[in-house]
Each structure stands twice: as structure tokens, then as C-alpha cells.
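What follows is a pair of complexes built around chain A, which joins chain B in one and chain C in the other.
Right after this comes the complex of A and B.
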């Protein structure tokens, strides 16, 4: 049985490694492209969000490559994404494809659910083999996330713009190619070292901007129009709390023991929003409060028509004493140049803010000026 | 005499401003982009040159607007700046204590919130161009009214008609409906002014703390009907600064002056001779990956001087 999953950033690398490890062939859809988007848009309801359209496009491309089992996140506890698997199944069946749709329902059955799925798809591979394959897949994701954290630091400071991004792409490829734990470790160490060795401007203290918002858009560079790379080009160090490894670790293991990584964020959001509103809306209220003093500002990413993020966006102006937030709504109509203009203006704003703060402390110290004489 | 040139190439209009060393406006030009930004820049540079004193030397150039990068490589800019910063710099030059800037241009509109000379928040229209200059143009020509007469005529209204302003499609059909019911043109026009300001304040002004002094700039600020409608709904005086149409260009000219003081007065300006150079923009599809990006190349005298449009940096960085 040839299985496939839709793209969310580099998540396919972990899943491919895991499924290959138990002898299941995985069809990786072509990287999300304009063609994927056009296919998705063509067969989607107009006002559904971008993640629906893109993952539907991924499925169509994977089915055309011979995929027989589609895996989609689903179940209660998410946002309307939880229903997408069923809707997409119906749309694809209407298009004449035959396949089986499997929803992970991760929030319900945790690690056991994923293991059972692997067992079924692999024709009863022993649980020990499944466990070791899953561990290796997780290790790959964790390695990529570690590299990415380093990339964010290097990108803001590198002298030759684009070096960190190029090394990152090479590193992802090398991690994908790694066949065993030892290779994975040495590849990770090698690329971390090479990234740290990139010639950097050590004089500057870059702006620190957090990325928050809807999980899929935050993690998918195609959807967010490479917002992290663009911020890096503007000399900004990006931070974010959403990482795939982090999320998998909590949603698969720790949440089962009542440990949530989001408690601190929810605590910060309390005065403004007391409950979950689906998706990541609650977090989008808490983060700009929680990270005061730590970041200079935050970019808030939301798919067009995303209810949880619309709720967050409307509460945002009432929050006193929060970080400056730039909301970017992502959908297929959004132009790249519109986003760049907003990012540039936002970065100017943050620099000016930081400079005037430093000026108060040291009136003579001229740090950086972006205009406004 | 030393001077600084600012160019704001918007989607509908292109604006030029030349400032002297005291940052006083020497001359300005407001023209339509006509979908051909390079040609318009070249032609306008000649017109500007003809108006300048012979001893004037350009010591710095800045570009802004949605074609700021294109304009930047064509003229050789020292500063390439986004519109929000450019407008904020321009407005605070004329109104130093400005706290709110309303800017409405041909295709986009924005609101900039400033406190103590610093931009603290801004908003730009997102998915809809309702309420921008192009729509007013279109409606004026449908009613056979010169755009210059739109405002004065709207002010003659005694009781404005309520027009649906959420979207230009609805606004237009509602206007036609009201006109066919027999309402007077001036009442419909002022109703439209009210609808557009309502739409602007509900969308871009959402959640923003609008404090006076409020500056109103951009092409639409010439329309006295819209100015009055803003004053009525915000219940505060609206200041339309001098040269409001070219405020973005003034803003980047000021920034290029500042840059020039920082870097000792060297400029990348290619001179007014660029009007006679042969510029060409061509595009091709990059097939290196499945993204199939459309790459745009800017050539001068058949030599490629800039490329952009890709998701990765494969084709970038050949400037110079």
C-alpha cells in the first residue's frame, strides 16, 4: 500500500523515514508549487482556508503518482481543519480517485493511535520495529528544527545574504538522506558547525521578531511566502514557539500526562481570553504578552477566513502593554510585494522604537536611524 | 545649489519632488503611471530638469511606492524605502506633532499612527480597493463629472443619500439605484464620500487610536468632499498638508538627504541622462524547480542590471 501525506514544511521527511523503516512505501507529493495551488483552488470551496486548498492539491498530485492511502490530520480539538479529511475525501472520490483516507485523530489517541496505524499499514510489523522507526523519524525532525534555530540566528547576521538559507537546504537534504542514527548525528553536527562558521556581522544586535499564528501557515514557507527568509534578509532574527518536533513531542507523548507546553502562553492570555477558541487563537493572544521584553515585535500569520485568528486579531487592539504585532493574512490572492512592503515598514517601526528607547538611556549614543528627522 | 530628489511610483500615479538643502520644495511633478513606469520616469525626468535652476546638483535620490525597486535601479537610488515610512517622514516634516496620518492613493490606502515622531502602528487595505482614488475616478467619469469638480459638487449637498460602501460593486449598483430613484447628483456624491470614509475607518481604522492632529494626504485628499466626510465622522479637524499629493516623494527625498549626510555626500544617481538610455523589461519562466517563478529582468543598453520575481535567490544579486 502506497501512502502519502500532504506537505507542512519538512514534515514529510520524518514520516517517510518512519514508514520506510517499517517497510511501507511513501509517495511524497512534489513540493507545493503554484501548480499545487491551482489544482487545490480549482476543486475547493472558495471561502475555505489556504491549508485546505494546498493539502487538497498535494493529494491530487500524490494520487496521480499512485498513492493509495492518504493521511490527513483530523478529529475534534483542532479548528475546522478537523473536518477537512472528510470533505477532501468526498471531493476526491467525486473526481473519480479510489483510495483510503486515514485521519490521525492525534488529539484523541496520541502515540498509540499512530503506532496502530503504522502496524495496520505495514501488515503487522512488530511493535519494536515500529517504535525504532518512529524514534528515528522524530530524531530527524528534531535535527531539522535544531538546524533551523541556528539558521535564524545566522541569517540575521550573515555578511553574504543567502548563505544560511543555502546551507539549510543542503542540510535538510542530508538529513533526509541519512539512513541511521550515527549518520544523522554527524550530519547535524557538521552543518551546525558550518552554519556557525558563516562570516557574520558581530557588531549588530539584530531585531528579534517572533512568528505566531495558525500552525500550518507558520510552518509552511509556501503559504507564508517565506516570511522568515524575508525577515532574515531585513536583518531580523526570527523566533517562534511552533516547531514540528516540539508539537509532536507534546501531542504524541507529554499531553497524555497532562503536560502542556502552552500553559504559560494561556496564562498570559487570561485577562483577555479565558478559553480555547479553536486552532491557535488563544496562543496568538498570549504570545505578544508573554514575550514582552524578550522580543521586539511579532508577526501574526493567519489564513484568510480563519475564525480562531480573526477572534485573536479583534482582541489584539484592546491588549495593553503588548508587543507590536503585524498581522498578515495569507491566501492565494495575497501578493508577495504587498507582504514585503508591510514587513519593511514594520521593521522600520521596530528599529525606531528600539533606537528611541536606547536614546533615552544614552542620549548621545546614535544607534541606527531609519528616517524621521 | 544642492538638492535631493524623491520619486514615488505608485500603481496609478507617479510623483516627483525636488528639495533644496534646507528641505524646501523646489519643484514637484504629479503624473499618471499609465502602466509604463519606466517610460514615465524617463519622460518626467526631462520635465523636471527643464524646471530646475542650471546650477542645481542632485546630491541624493530616494524611491518609494510599489515600483520602488524598479525606480531605484532605473535612476540609481541611494535610498529605497517603503511607502509607510516615506509618508510618515513627509508628514512629520510639515506637521511635527502629527499623531494620525490618513493616506489614500490610487489603488491603496493606509493609516499611520505616530506618537512623539515615531510610527507606532499602521494599517493598509488588504483584499479590497474600495474607497481609493481609482474608484472615485471611475464614478466621476460615469456621472460625466471632472474629478476636480467632484469635491465642490459634493459639498453642495443638503441631505446626503446613504450609499452601501462595503464594496465597490455594491456601491456602484446602489449609486445607480439612487440616481434612478431621482436623487440629486450632489447628494449621491456626498453619500459616496460618507460611504467611503465609513468603509476606510471600519477597515483600516479598526482598533486604531485616532488622535489629532490628523493629516490627510495622497491624491484623494484633494477631494474636499472626502475631507468634510472625515471631519464629520471623526469630529476633529483634518489637516491637508501642503504638497499632500507628493508627500511620499518628499519623504524619500528627506531620507536621501539624511543618507547623504551620513555617507559624506556620495550618490548613486545616474543623472538626468537616463531619459535617453534604452531601458527594457523582459521576463522569463525559471524552470529550475516546480515553482516556475516568473523572473523579470531590467536591461539598460542591453545589459541586465537587475532581476527579481523568484522565490529563491538564484537570479538575484547582479545589481550594479
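Right after this comes the complex of A and C.
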């Protein structure tokens, strides 16, 4: 049984190691490309959101490579992402492919559901083996996330632009190649050290910009046109609260015990949005309030026609005392240069804001140097 | 007397008899906005992010019209009315959304209705509303009972007497029940807030009638057949109002009608995938012809009429061939 999972950033690395660990072959779709997108757009409904089109494109490419089982997220209480599997199954069947569509229903049965799914797909591998494969896969995600956090800091300060990004790509490759826990640990340590040793400008205090918005778009560099790398090139340190390892830890284990990582964000959002609207809309209201004083601004990413993020976008202007927010709507019509222009303007604005704040606080006659070149 | 505002948009078409009876029994005066007009739509669109779907913009326009004319607004947050079947984000966030975008917005009575969280009966919600209203001439329980009865009467009238919601709500004489000399029947499917808003869909029911078609509506099929339609096409329902599109589509595409016209609004999250499922179902051999019209605030009347005429020509030809 050859299974496949659509791309979200580098998640395939963890999934592949998980499935290989229990003896299931995983077909990794070719990296998401313009071709993937145009395949997806061609067969998708007209005004569906971007993740639908991209994941459909991934499925088509994977089916052409011989995949037999498709895994897609599902279950009630999501936004329309929960409907993806139903429609995509019909689209692909109409195209003449034969396959089985499996939905995770992750939100209903947490870790047990995932383990049961793995057991079914792996022809009844023992649970101990499944558990160790899952633990190793999650360790890979955690390793990638750790390195990414470091990369965000280095990218903003490095003297030779592009070094951190290059090292990050190497690190991802090395993590993908790691076969056991010990190698994984040494790879993580090695690359963290190499990243810290990159020559950096230690005098500047870079702007700090948070990334928030719809989970898929935030985590998938193809959809957001590498917004984090582009911000890094502009000398901005990127922070974000959406990390897959973090999210998995909570949604698989801790939420079952009533611990939610997002309580603080939701509390901040309360005065403006009282209830969960599905997707990440609630978080998009809470984050610019919660992180004021900590960040300089936030970039809000959303796919075109995303329902929860539209709610957030409508409410955002009325929030008093929040960080400046730049909303970028992503779809197949988006152009890189248009996005860059807006990022540059936003970063300029944030620098001005910071400078004027420092001027207000500065004792008379003192001149401040800022990082704007 | 306290005045409660119920905007003429979104769920108005499903629940107005229920809501208005409840509030009247509670001793309040019910105020409704006028039917949608160009000014209402423009006022709503101007306050919202461009991507927002048309019905929500129109709803916002209706709220703006009610500002100053009522003491409270009734905008419930309906999360689920069936276990594990959830509503679109825009219904969940509606009270907060309206509060944010409408200037000088009156206080909003925003009860949560969430069957999945165990709020199975109407009474907890009606008590919650009751807390807002002082003094209370009648107990909430009685008012809720009467309200529920008027809701059932409304559903029954649509189902067995072939009254369209529009006629029922405006007190017009039912015209759809008496029609019958036309040569063919067309089912009109879509969310009530789209198909019964005469402004945004350019009086489509009337237009279909004048073009010689007998019109049947989703409500007339009854809830059981609509639910069966959903099961037939996709299995377990995912969205709260899935029966209005997928259910009605699944039912009428196999039913004794000559054609089906579906109305969806551009940018609608649930509709974007639901209509695709229906369109694929319509491609099966033997299914009735389907016309999908996507509406937004720029929908031109002429463009819509042309497409309806072309579709009805085709349907009429098919009907003639079948009877010959």
C-alpha cells in the first residue's frame, strides 16, 4: 500500500520517517511548484481557498507516481478544510484515478485516532513499533522547528545575506537523512552551532515582526512566497507562534487534559471576538494585542476567501492599542514583486514608528543610530 | 416598550416567525429593516472588507438601517443545530463582526446556540435572552413554546401548502401554490438569504414564472427528503445549512422536475465546495440539467436574465421532447 500526504512546508520529512518506521511506503509528491498549482487550479472549484488547490495538485502528482492511499485532514469543527477530502475525492475519481481517501479526523480522537490509523495502514504493526516511529517523526519536526527559530534570528543579523537560508536547507536535508535519534541530536546540535557562528552584525537591534494567520499558509513557504526569508533579507527578525511541533504536542496530548496553549491569545481577543470562529480567526485577533510591546508589527497571512480570517480582518481595524498589521491575501494570482513592495513599505513604516518612539524617550541632544541602511 | 431589531438578512428567512413571536410574547416591539435596496447593499459593502461574501455585506446594511430605530439588536451566534455539524465562521462571528463594523451599534443580544455542546433544548437560550429584558411580562418558557409553534406552522405552510418563505413572511397571497398551467417545472436551490432576497437575485422567482416555469423551492421538499439528498450525495452532513444546497441538489436532480437552478454567492466558503459536489452529481447520466448562477454585488440583471432564458429554452425543448 503506497500512501501519500499533501505538502505543508517540510512536514513530509516527519511523515516519511513515521511511515517508513512502520514499514509503509510513502510517496512524497514532488515539491509544490507552479505546475502543482496550475494542476490544482485547473480541477478545483473556482473560488475555493488556496490550500485546496495546492493539496489537490499534490495529490494528482502523487497519484501519477503510483500512490494508492491519500491522507487528508478532516473532521467536524474546522473551517472548510474539513470538507476538502469529500470534494477532492470526487474530483480525483472523476479524473479517472483509483485510490482510497483516508481522513484523519484528528480532532475527534487525538493521539488514539492517529495511532489507530497508523495501525490500519501498516497491516497491524505492533503498537510499540508505531509509538517509536511516531516519536521519531515528531522528534524530526521538533528538530526542524528548533533550527528554524535560530535561523530567524540569524537571518536578520547576518553580514552575508543568504547564509542562514543556505544552512537551513542543508540542515533540513540532514534531518531528513537521519536514521536514528542519536544522529538527529548531533545534526541539530551541529547546525545550531554553525548557525550561531555565522558572522553577524551585533550592533543593530532588528525589527521584530510576528507572522500570524491561517495555519497552512503560514507554514507553507510556497503559498506565502517565502515571506519569512524576504523579511529576513530586509533585516527583520521573524517570530511566530505557529510551529508544527508545538501544535502537535497540544492537539494530540495536552488539549485532551484541558490545557490549551492558546488560552492567553484567546483571552486577549475576548473584548473583540468572544468565540472561536473556526480556523485561526480568533488567534489573528488575539496575537496583535498580546504581543504589543514585544514585537514591532505583525504580518497577517490568509488565503483568498478564507472565512475565519475575513472575520478577523473586519474586526482588526477597531482594535485599540494593537500592533500594526499588514494583511497579505494569498492566492494563485499573487505576484512576488507586489508582495515585496508592500513588505518594504511596511518595514519602513515600522522603522519610523520605532525611531519616533525612541526620540520621545531620548534625553535631549542624544542621537540614536538605527538599522535602516 | 422596548424595541428589538431583527435585520432582514441571513437567518431572517428561516427563523423570523420564531424570533418575532418570542419577542412579542416577551412584551417587546419587533422592528425589521426594509427589504434590501441599493442603498442598503452599498452601506453594508462600504463598511466591510471587500472579500466578505455578499449576504453578510447585505446583512450589515440592514443593521445600519436599524441603528437608532431599536434598543437592542438580536443577532444570535448559531454554532450548531445538529450534533457535530457546524456552521460557517461568519455565523459564529456575526455578533462580534457587526459590533466592530457598524458605528453606534445598539447593544446586541448574542446568545450562543450550540447543540454539540449540549444546549439541546431551546429553553437555556431563551432564559439567556430573558435576562436582557426587563420587566418581563411573561415567562420565557411560555414564550418559547408559542414561538416554536409558530416556527412549526411556518415550516408546515412551506412544505404542505407550497407557500414560499417570501410570501409567508410578507403576508402575500401564495402564488406558487396556484401556479400549474406552465409547461415545465424548475427547482430553485440555494440559501434562503440568497434566493428570497428579491434585490440581490433580481426577483428570480417572479422572473422564472414569467418565463413560463413553475417554481419549486427547497423548503417544499421537506426536511427529510433534503437530509436524504445530503446522504445520497456526500454522506454525513458537514455544514449546518448543507441541505439547502447539497440536499436540495441531491433531491431535485433526481426528482420530477425539468431543471434545477442553483444560486451561490461569490466567496462563500461552504458554497465553494458544496456547489462543486452538486455539479459533479449533476453530470451523472439521467440527472436533470443544472444551471449555477454566482452572485455578488456587481451582478447585472441583464446578464442573469439572458442566462435564465437560454437555460429555460433548453429545458422547454427537453420537456417537449419528453412529452411528445
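Criterion: the second predicted complex is superposed on the first by the 362 of 373 C-alpha atoms of A that agree within 3 Å, B and C clash if a C-alpha of one lies under 4 Å from a C-alpha of the other, contacts with A are read in each partner's own complex, and residues count from 1 in each chain.
We adopt the following convention: a residue touches a chain if its C-beta (ideal position, glycine included) is under 8 Å from a C-beta of that chain, and two chains touch if they have at least 3 such contacts.
Worth saying up front: this structure is predicted, and the values here are computed from it rather than measured.
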May I ask you to decide whether A:206 touches chain B, chain C, both, or neither, giving the answer as first, second, both or neither? neither
When the two structures are overlaid on chain A, which partner does A:281 contact: first (chain B), second (chain C), both, or neither? second
Go through the superposed model and pick first if A:137 touches only chain B, second if only chain C, both, or neither. neither
Counting only touches as set out at the top, which of chain B and chain C does A:297 meet: first, second, both, neither? neither
Is A:87 in contact with chain B, with chain C, with both, or with neither (first, second, both, neither)? second
Between chain B and chain C, whom does A:162 touch in the aligned arrangement: first, second, both, or neither? first
Output check: A:30 vs chain B and chain C. Expected answer is one of first, second, both, neither. What do you get? first
Which superposed partner A:324 touches (first chain B, second chain C, both, neither): first
Which holds for A:314: it touches chain B only (first), chain C only (second), both, or neither? both
Need the overlap of the two footprints on chain A, from chain B and from chain C, as residue ranges. 304, 314, 317-318, 329
Provide the residue numbers of chain B that touch chain A in the complex, in ascending order. 66, 81-85, 88-89, 92-93, 116-122, 124, 126-127, 206-208, 251, 254-255, 258, 262, 289-292, 311-313, 316-317
Show me the residue ranges of chain A that touch chain B in the complex, using the header's touch definition. 30-31, 33-35, 161-162, 165, 226, 304, 314, 316-318, 324, 329, 333, 337-338, 341-342, 344-346, 348-349, 352-353, 356, 369-373
Interfacial residue positions of chain C with respect to chain A in the complex: 48-49, 51-52, 77, 79, 84-86, 88-90, 92-93, 95-97, 100-101, 110, 112, 116, 234-235, 238-239, 266-270, 272-277, 280, 283, 294
Complex interface listing, chain A residues touching chain C: 44-49, 52, 76-77, 79-80, 82-84, 86-87, 90-91, 94, 272-279, 281, 304-308, 310-311, 313-315, 317-318, 329
